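Going in written order, the chains are labelled A, B, C and D, and every chain counts its residues from 1.
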């Protein structure tokens, strides 16, 4: 079974966030992991898929719609769910670790659902602060500032015998 | 069609939050609205259902499990979904306005999904601050400190011709 | 907790099927049960909701869309799910017994999901035959030809100590 | 984007059905298509995944549980959904064509949901007859008796300009 790493983030984000998403995608692919994201042809989804694709990686897109209209061109395996934002719960269950880049309430819902499901979440340039203080304290949630730090944090979690 | 107001909040919360949940439930029922929550026999779900029930109201519980084990005794209509936390998306879509009391990441996911779905959210004793600043600014999210304020805020939103 | 009976069937059906749906709705309400269906303003959904409503009953509609556009006017509590046909799984989990009237593949999927979930299904004018032979044999599935027979069959199942 | 072919069928089936599932898996992989199924380590799911895997193909398993316990060992990409049988709707939406082998009501629900979603379904040793007569007539549903016939039927559908 392949290691699947989720990348979540907004459809409309800053140039820096897009650049980070692209780099995270490349680094995930270079590690040999599968990249899973929300699959749409926008923002963090498009950029991270493109990064992984250009590095020869495999990209799974879990789409909110019931068809593949609007899928990012770098997605290899499109999974239309027809479930709208309820598919956010699937995105995080299907990821061994989640990297979150800047986004709106959809992204925050994925961070929250990931934490509830026991997943570790690495926040790349997206500090969430007080409402999630308990998860920072127990080390389930961490802020990083570069794509390399994000992927190194994921690698450390995957190697950790305490982390299932 | 009945007006349905969602109440979300944690399964393990403070005595004050339980008291507020009970009072919010009563006040919702007294307004003639249906109370919708996560249906479990714990915390904000149990207390708000009991409050509505004791005031003669109708309570709908949208359960994560595929059966009614563990449903709060004050729930009139139990809807087991078998979808785990993906049912959080349903909780907010089925509510015209959402009142959120203190809770953990499950509750935060419901606030976030509600905002994404265009619902107004009233936070009762559960300020979320910075990550949701844009929604506070546009008035889609508001902090209140008493059950009466929460229900008055809902009533004002339902009366507002700008608010669908 | 109220007893909830599911009624499933097509959006475009014969005059006879519509008449049966209306009558089943009335009879469910007269028994004091809640009627749950797919909530749309069409076919078996609309007619059964109207029947229950005119007899003073309570109607819950579990909608495929993420909003209440197109809801049947007799629905009291609309639950938009935003999940398309995945909501068929909820329809049957939320029903203690399911009555199926004529319909297309959506209706057949609900019969099949109900049987898989351990629900008894009463087929009113909708014999399904060979593919479900094992379920007819064990008594989990039965053909009836009138609304009174359908509701009497449900009542017998609810009274049966073997039937949870 | 890769072509994804869904294979559905029971967890407990005959020796012949298992053999057909294995062969269908091999043939799907040899065509360069991705095999998608329910992912569990049983019956048609396990055998078809193993066939595809041994022919060097890629296997996606859409699991009903919220974790990967009980996943078939030949699954490359496991997608736990935590949605129980509601995930059947995803299985068919994510497949361009569906091949159905013998199974119980879960399998029938997937055939029905696939037809409703506009997917073509090839029934391999699993004739469903009367309840689906309209779909046989319009050519959206077809019976075949060997794995080679099933995969040839899928190939013809994928090549057909009328078939999206």
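Simple rule for what comes next: a residue touches a chain if its C-beta (ideal position, glycine included) is under 8 Å from a C-beta of that chain, and two chains touch if they have at least 3 such contacts.
Everything quoted here is computed from the prediction, not taken from an experiment.
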{"item": "Between B-D and B-C, the pair joined by more C-beta contacts", "value": "B-C"}
{"item": "Farthest chain relative to chain A (centres taken as mean CA coordinates)", "value": "C"}
{"item": "Distance between chain centroids, defined by C-alpha means - chain B, chain D (Å)", "value": "40"}
{"item": "Chain B and chain C, separation of their C-alpha mean positions in angstrom", "value": "28"}
{"item": "Sequence positions of chain D contacting 2 or more other chains", "value": "66, 81-86, 89-90, 117"}
{"item": "Partner chain D, residues of chain B touching it in the complex", "value": "66, 81-86"}
{"item": "Chain B contact footprint on chain A (complex, rising order)", "value": "83-90, 104-106, 108-109, 111-113, 115-117, 128-132, 134-135"}
{"item": "Touching residues (chain side chain A, partner chain D) in the complex", "value": "1-2, 4, 34, 58, 60, 62, 66-68, 71, 73, 75-83, 89-90, 93-94, 117"}
